[in-house]
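We call the chains A, B, C and D, going by the order they appear; numbering starts again at 1 in every chain.
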């Protein structure tokens, strides 16, 4: 017998088509690297997986896109697992109150990034993984494939290269943190790993699957292996709530009311702890760099299903 | 028959005495105004009210203390109710990433405070209330008394006066926002209301009662009147989650995992939506200005009861 | 027999008419207070006094205008004389690198203004004078009258009142410095003196006379009294060089090459130590708030007469 | 017949020995690279060249030391000559009001350094030279040798290498400016040139000779060739006055009253336009990174000879 929740989800998914038609598709596709600017701006996909493994989807939910910064949740999870709580000596858990790529704050705080989701923090996490892993790129993609249960998940070398060619600001940040002693490995190695990390491609369906451990107390529902402990899953969710949308984190919490993470490819993942994981994709970005329609539809979704965590 | 939750709460409350004994009472009592510095630093009180009106308490839970900034949640609720969504044209919902009394950010953002809980934002909310109310101080305390169900709740004139005498920084902020046109009333009137707001005294028991509407979808459980709509209750909780602990908001979310608000009097209130409201009091503050033992005990509490919202 | 210098000055003054005709009169008259916005934007006056008391003038050099911030050089001189070197414990001598009315820097530096010419520093100097003088406004205007040798020099009460009505940002700064303990007198008294200071009216001829002590080793050439010691005259000139034009100080040094001070009324005074004092007036301001034509004509003047100090 | 000036200089130089004995030698030798920390902190040299080619010297004035940032005046002069006024589209002439190696300001101002003497600005100047020169390092050292009239002047490869190994912050700045499009060449090439520039070694006598064109209207007095035009010499002096001592520029102007430039090797050069060039060396640095005794002795010197430009 379907639960009340699953009836609610079904109902809201059946309304999506009308909702999306009514919604203007404002904003611009990311264009700081040529590869991202080529995407079809009309794409829209959504996929929801409940904690009892029901799936709901709509639109282009099976089409792969560049998940970009959403991958930072996965790298954080792996680094937290490998490094443990000493991780927090090198990166904070506070919202930055600034743009995602600000160097000023890094200077004020002596090379300790505010949180693992601003660029500086994600680069720091890459440095941690480079220290722990023998073959960082291989081992990380293997970790992601197990989460998705799909061995075809991969980096996009064209995008990684394109990121590298336009990555002087990220290079500035790694060098800057290294000047404070907070980067342990070679600058180019950390950057190479980071640019690959940002280039991973998945569909909404795969992305929702990959992140399901965060709505399942840290357990990968595909194989019942613990990705992170229940307590750490909660903590990663808390960091997403406060820092997942850069300087629009408050707005997202205020309107959507779930922990989530966005990427400039137009993807968003949101978690309702112990209930569901939802992934959306719509490439046009609002002024803050988050998916315009993705945020609107998520707001509609949590309002209709009354499923904000607040 | 007691629920599993209430059994859990009972068990954890029975362990509090041991926990508190093991815990060092670090930090300093607030001393920026003489009145606050006179409090007995050993005081410790806690009071929890469930959404089905069970009460749990411990220690000095019936003793009144200065709730200070916790009152900003109440003034925000009243202003949101009176002004509606146009409120957000004059104050943001984003974490500040800065200390609670910073003017720099206010300058960068042209007199629009980041959120209603930093001092500038709370002063702005006072200005909104002064515009809406005929007798702001009388009408506000009446609003609070109805929430608590107790007509003895009051301002402490000695503390209000003491705040005023040391309030040059707050006066700077009101003047600064007025220079941007974001304060509509007389500077001295806004300040007088603000200094009174911060001087309200309640016990943990009263404070938990006053804030219960935030764990009850906006309904005052004492009289079933709607204080704010369910949607607005969620939004106020979201703002607390992101901004309630100044530049320690991330730490509080990370370790405690509930929306909450602290005051320099050593009080903390936290909300588990649809489950409970909890109020604590312990006057010694950590380096960020939040109750040292209050945060530790709340972390213990949500860990033991697994009741983080994440 | 005329000196080479005086022949040079005569020649350049005879070219001014042509120069000014060729020069567009860009920029806007100050409009933050209504009184200032009423000035005729076509006015142009210039007056030069050499250290051997030759006078050169052109245009509206006898017409009074609001000298505004130029008065800060006079108040600094009086405060330096009364307070001595301990003055520098409460205000710095470094260029601010910021706009003249920034509060952010004041916050970073704990209420110690960078220099006596940014608004915060000038307010601090007013506080020093209020501490030293029995009747600050009367005694200060008496000091200025003696410098000019003219008892009709006065405050403009309309402008002082207008400044007060729009002076919330200055009120913010005084309150802010008082919160750090760096203002000793009542906020309203310091502000009242400051708003009067800024309202003084003089002609170019009077202004050049008033400031002549700075090109005469501190001696008032009208009565041979020492206004400040020779060493202090040099130091005041040095502060003007580095801080006299807010965030255009470098540009002014680079192009004009003299210590100088501007006001939003469109006035500029520049000093060639031991050679001359020059005052200009042209109300339209460039984007940085300094007289557009005043800067252009001074650049022309020092280039033609090769009289930069560099 | 000796001039009054030269008699004054002679007299003051004869008092130096006593002065230096009375002066504590506070501060620390630069230690951010090992090579610099090895210098004997007791060294003290001074050399003055008048515009009519009289020489005065004292102490270790013939001993070579690392001139460090003083070389930035020479690279600026060469770049100004090669690039002309379009140089100022890529770097400003305003004092920074910040530490010499701040990235925050660079961010606020979109990759345009405030002036050519902060690190970012000097790196930008290196980029300009790399664009103009076929063999930047060779051609630049040749330019310097002609100024000194000495073909043995050279880079110190050990120091250049040591700078490189500790140069992550400078690498951050070049990458950061390149992200704004304000660096045209390869990052490593600009850095390599910069690290060499900072490694040049000269004695006080050589340094005073090298910089003499700035007190001689841009003419190299050794060969009467124009290094920069008279107007540009004035402008470089103006930039030194406002920006030559980082966030102590005001203090230096206030106390010494000459355009000047310091280096972390403990060197200082100051210019009295059309009168003299003076070079000092004393390795211990004050809290702002400028030679402690160098500043004190220069203050003594200009006070005794009344030769401040103000």
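Before moving on, here are some points about what is shown:
To be clear about the criterion, a contact is a pair of C-beta atoms (placed from the backbone, for glycine too) under 8 Å apart; a residue touches a chain by one contact, two chains touch by 3 or more.
Computed from a predicted model, the values in this text were never measured in an experiment.
The minimal number of chain-to-chain contact steps leading from subunit B to subunit C is 1.
Common neighbours of subunit A and subunit B: there are none.
Chain geometry summary: the mean Cα position of subunit B and that of subunit D are 56 Å apart. Spacing of subunit C relative to subunit D, judged by their CA centroids, is 32 angstrom. Separation between the centroids of subunit A and subunit D, computed from CA atoms only, is 49 Å. Contact of a single residue of subunit A with at least two other chains is seen at no position.
Taken as a graph of touching chains, this assembly is arranged as a ring, one closed cycle with exactly two partners per chain.
Inter-chain contacts, as defined above, occur between A-B, A-D, B-C, C-D.
Note for the complex: subunit D touches subunit A at residues 102-104, 106-108, 168-169, 171-173, 175-176, 178-179, 187. Residues 92-98, 105, 114-115, 231, 233-235, 237-239, 241-243, 247-251, 253-254, 257, 259, 273, 303, 308-310 of subunit B are the ones that touch subunit A when the two sit in their complex.
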